[in-house]
């Protein structure tokens, strides 16, 4: 983030403060996102894809004839900051919808405010699953969709029997690894160790030594998005760990930023830049055109964000208004075709997704190894199964 | 223990009448200002929800709870001088008590009361434990800060270690809670803050509040006056912990989210920043500072997050470096100038003689008996094998060249932790390793060589403080009448201090300070009086006056007095016996005549005594 | 077992080099520099700027040392000097300074996590095992810093003057030693060491505006326990850092995070002089 | 006003100073010519050490001036006064106990080169110091510590030495050595010496002139050689 984008954000916010008079004319989309803290590595790409979606929709006449106005707020990647961000968006800016990629901590902190403010909320980050609210939809993957490809591949390709799990100690980290452990054990494998460090921890020495002592066949990690992922990977590489390494929390952009250290990491994602579809190519070239040299690599977090804005447009138009309850009802029914294909959040507020297993190459790009069509998210929020 | 003597009770109405209808007594003015302030505060709380939009109300509720927490920080830091980084931990304990009980055990009025009690008592318990660790006798202020810094770090790690139970880094959210309207929560938070602030306001203006200031300004002196300094600080920590936990409970119940940050070190430092910017030691300043800064921060985080933090950081550094007392006192003195009101009100304190003590010293061993006392610093022997007795009704002077160990001797007699060997008996009781207040309780009163009293306390407050051992201290009021032993009253009137009870001691002349010092020691009604150079820097007339009082104390009141003096003429005039110390050893003990006649002593004073190199 | 021993030794040496700057300042100035964490961060960003400019990553630490020294002299002059006789206020003011530095970094470089190139990656063979090369390099540098500081204190005129100021400032001034200048130089040195340490640990971490903060409290505790002497800081790092590694390895990495703080607080309660060797 | 042909090495004029509210010096004036030794006598607590501390700048002068060789140094920081050519041998906390003898001596000289060049000069005065260069100063005997203190002042080659009760607790032979060292310093380098003393015989044997300080004021002055002086002074100083 530079002075320029920051100034833009400031202007946006000032515009939001001053724009009371024109409130009727725009559709306000609130984007609470972790511009600082753990998520700060990916947050700029999420802001960029949101900007593209808004620009495209506005150019095509907006939503129900109203222009979109984006209001970005930093949630600090944590609960405290999220409270401020959600409060400010819901009660101060009175946004029509919240669409955001956030940490689980931030999402959990924001949900009570969403419930209180009765604002539709589309959550666009992959997460540990089973977070339910009458006001929330999710269009990204959950463990049921993501863990299996990596574990299956390790077991089949590397004959991995023993696994070691390392994560950040928070809802996503623990949720993902607990699912992974159950899946590994259900498929005849053994988990030799499961270690966590707090989200702000950066010294993985002891854990890595434990890992080396246990000598597993494969490693699966699930950390918070930014700094912990980077420090863990750097220190793993520095310690000479070269067993098959599946990373449940890395996205393409972060992998690129990590450089050589990321080479060889296996990832499972619902979006990779190499997806060969017309929608994806159009999206990538539009991003390239809009941001040029400042472009942050689009990834598994920024693309769902892009699609969610279209999903909201479709729902509002289907409902014929931006009325919160009408939009929530309509979101179940609309299907949007985007870079990831056709997405409909009709499985207990979650979406079946096509998943890709990939491996990071030396140049930071991701090579697709195999594809799994329309993986079901499983039982997430049975109360919404109707 | 706070009950005044019967004489004083009878005297009080008279004193109030005497102070007249127009005199503003601090006590009454404290109650009046507390009432007016509370009324204004409550009115603002009542009006708030009607005037403010939902968003502002929302962020104000959180700020109100934090402000209640800051009150505790200000009392600890601003008044008692304990720099605490850990107040956030108590907030966190209260918040997690709420979240954990509601998440895992149950929800309902009974559960809520139980969780609140758990949080408040838990925090008070943790605070007491922390206080016990941090405030042992002889602990440096820095150590207390270290412990308060360790507390939130340990708490947060404990929360992390709690895994699913505490929600680790993510915290807990969406637990059942009371989804009352924002207005209702605003009222709850507002009333809590007003109540806490009003109670604190009365507390810091009470005798006990002045005691806190005294501890901040000169902890050691307080201990020697018999104030259980560590106990007071521990109790204060526990009380502020309980108040903070209450605020944390409310915060969690309202926001429906708890996260480790609530108990973390960073919030702890933010509390200090708000307190410093508001003006430490003013209560209202930190409360307004918290509300102002936190609310502004909420408005600006979207637009200017870094610039805002940068400005706060710069303001904080500037205030600490340039205006250690914060902005509030500057504003207050400006306001005072505008209103034309002086800062000092006349003291309403009425002095009366305390009834003579009934117990007699007959049949008791010598009031002070020293056996084979030694004090070493590493290999350096400052005192070695000193033994002597001091009798009731007599003045024993201790003389010797610089570095002979005289002041060290005083220290060893008044603080059980000081000596490295030997025994000291006071009224037949061995002092053991007792802290100064313990030794003071045995009947030892000590005056000091330097005259830093309590700068911002008035003469009357100093005297009230000195009576703590006898009369205790009122927690929400000021005493209006003070009983002092006759000799103390004599000194006060002889030095003119009795007309200056409302004057802060830093404005006193050197001679008056010496007089007050002595009067304070006498107010504790000691059996053994230790005086370190009571006449240093005094004029001839003042010396004579003090000498007269000392002789009278010994003769008429039977006090056992030990005196360090450089002025040998003065020693000769008033002493019954003299002890000569030289290089840590007792060179000789005897009557004035014997010592003056001794060639050995003369030699030492002329510097001619052969020193055998060790 | 070898790995565990290496973990303990390298962790201890990393802690030592990170805490050294804080110790120098506390030792001579009796002042606790709570901007230490921010200085470490500045070192991390210096490393990033150096490598982004295409210079060798090996230059990062020396550049950070030089930059930190200059900045330290300036900061001493403006902020620290009025606070010499107010030690608790000095903690607060330097904490505030840390906030200011962090925000300035955020304004200049953005708040997101960034990366600096490492001078070396991978492992070095060490007997029958192999071990993180950069951790070994940092350990070596830590030993050199310890030796260098010892030489500076015991072999140079500045060191003699500084020790005289530590032991008895009035006497030193009476002998013509400009204690103000000694203090300013010391603050510069401490700040420089902190920045250099920040640059040194950067290859193990990522660069963000708060990267130094987690190190502050542990450094602070180690320095207090060690009672400001180089050998005892080494000893404290070894004992407490070792305990941290053991707890992390055998009990829980999360509890490992508070080992140093808890042990230090307990040690200081038992003996206010801590592990001081002299 | 007549400017003296040679400015006094040290001139103290109407000096008032003290601690907090208590004035210990109440207007003291003294003048030392280059190479002159003046003894200030008085009992404990009369302001003798305070006088030296105020000259050094450790205590602020409330009133009055301090001049060195005609240059006004009132209000200067102690290290600047020291650099202007004043060596202070204080009475308490005199040496760095934890440093070696050599380090203590080095600290007395501003440059290490000068230190090495001058060190040999101690051979004639306190040869024992040269034998103990590597010993920790705190392990020296009381008398040796005084020698170290004096050696450090001598190595500084000051214009003015302020010597505070150097004789206290010393054996007679050692006192004689100190007297010799002071005389040698005056003769060798023209140092002016302000001695603060309670030891009458020693003071009068070394000094050219004496002044008696009582309750912060000089109540008597005279030439040390005056045979009547000793008797009169003994009265002032007796127990």
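Here the chain labels run A, B, C and D in written order, and each chain numbers its own residues starting at 1.
Note that in this section contacts are C-beta pairs under 8 Å (C-beta built on N, C-alpha and C of every residue); 3 or more make two chains touch, one makes a residue touch a chain.
As the structure is a prediction and not an experimental result, all values here were calculated from the model.
*Asks:* So which has more C-beta pairs touching, B-D or A-C?
*Replies:* Answer by contact count: A-C.
*Asks:* In terms of CA centroid distance, which chain is the most far removed from chain B?
*Replies:* A
*Asks:* Where the centres are mean C-alpha positions, what is the separation of chain A from chain D, in Å?
*Replies:* Averaging C-alpha atoms per chain gives centres 78 Å apart.
*Asks:* Centre to centre, by mean C-alpha position, how many angstrom separate chain A and chain C?
*Replies:* Centre-to-centre distance between chain A and chain C: 37 Å.
*Asks:* Return the distance between the CA-based centres of chain B and chain D, expressed in whole Å.
*Replies:* 43
*Asks:* CA centre of chain A versus CA centre of chain B: separation in Å?
*Replies:* Roughly 54 Å, centre to centre.
*Asks:* Residues of chain A touching 2+ other chains?
*Replies:* 6, 36, 74, 169, 196, 198, 200
*Asks:* If I count partner chains per residue in chain C, which residues reach a count of at least 2?
*Replies:* In chain C, the residues touching two or more other chains are 106-107, 111, 254, 257.
*Asks:* Of all the residues in chain B, which ones touch at least 2 other chains?
*Replies:* Those would be 157, 160, 306.
*Asks:* Can you name every pair of chains that touch?
*Replies:* All chain pairs meeting the touch criterion are A-B, A-C, B-C, B-D, C-D.
*Asks:* Please output the residues of chain A touching chain C within their complex, sorted ascending.
*Replies:* Residues 1-3, 6, 35-38, 40-41, 43-44, 74, 169, 195-198, 200-203, 205-207, 209-210, 212-213, 226-227, 230-231, 234-235, 237-240, 257-261 of chain A touch chain C in their complex.
*Asks:* Where on chain D is chain C touching in the complex?
*Replies:* Where chain D meets chain C, its residues are 56, 58, 77-79, 82-83, 88, 90, 93-99, 103, 106-108, 110, 112, 152, 156.
*Asks:* Within their complex, state which residues of chain B touch chain A.
*Replies:* The contact residues of chain B facing chain A are 53-55, 58-59, 62, 157, 160, 163-164, 167-171, 173-174, 179, 255-259, 261-262, 297-299, 301-306.
*Asks:* State the interface residues of chain C toward chain B in the complex, per the touch definition above.
*Replies:* Going by the criterion above, the answer is residues 32, 79, 82-83, 86-89, 91-93, 95-97, 99-100, 102-104, 106-107, 111, 217, 220-221, 224, 252, 254-255, 257-258, 261-262, 264-265, 268-269, 272.
*Asks:* What residues on chain B touch chain C, complex-wise?
*Replies:* So the residues of chain B touching chain C come out as 83, 133, 136, 138-143, 145-147, 149-150, 153-154, 157-158, 160-161, 265, 269, 272-273, 276, 306-307, 309-310, 312-314, 316-317, 320-322, 324.
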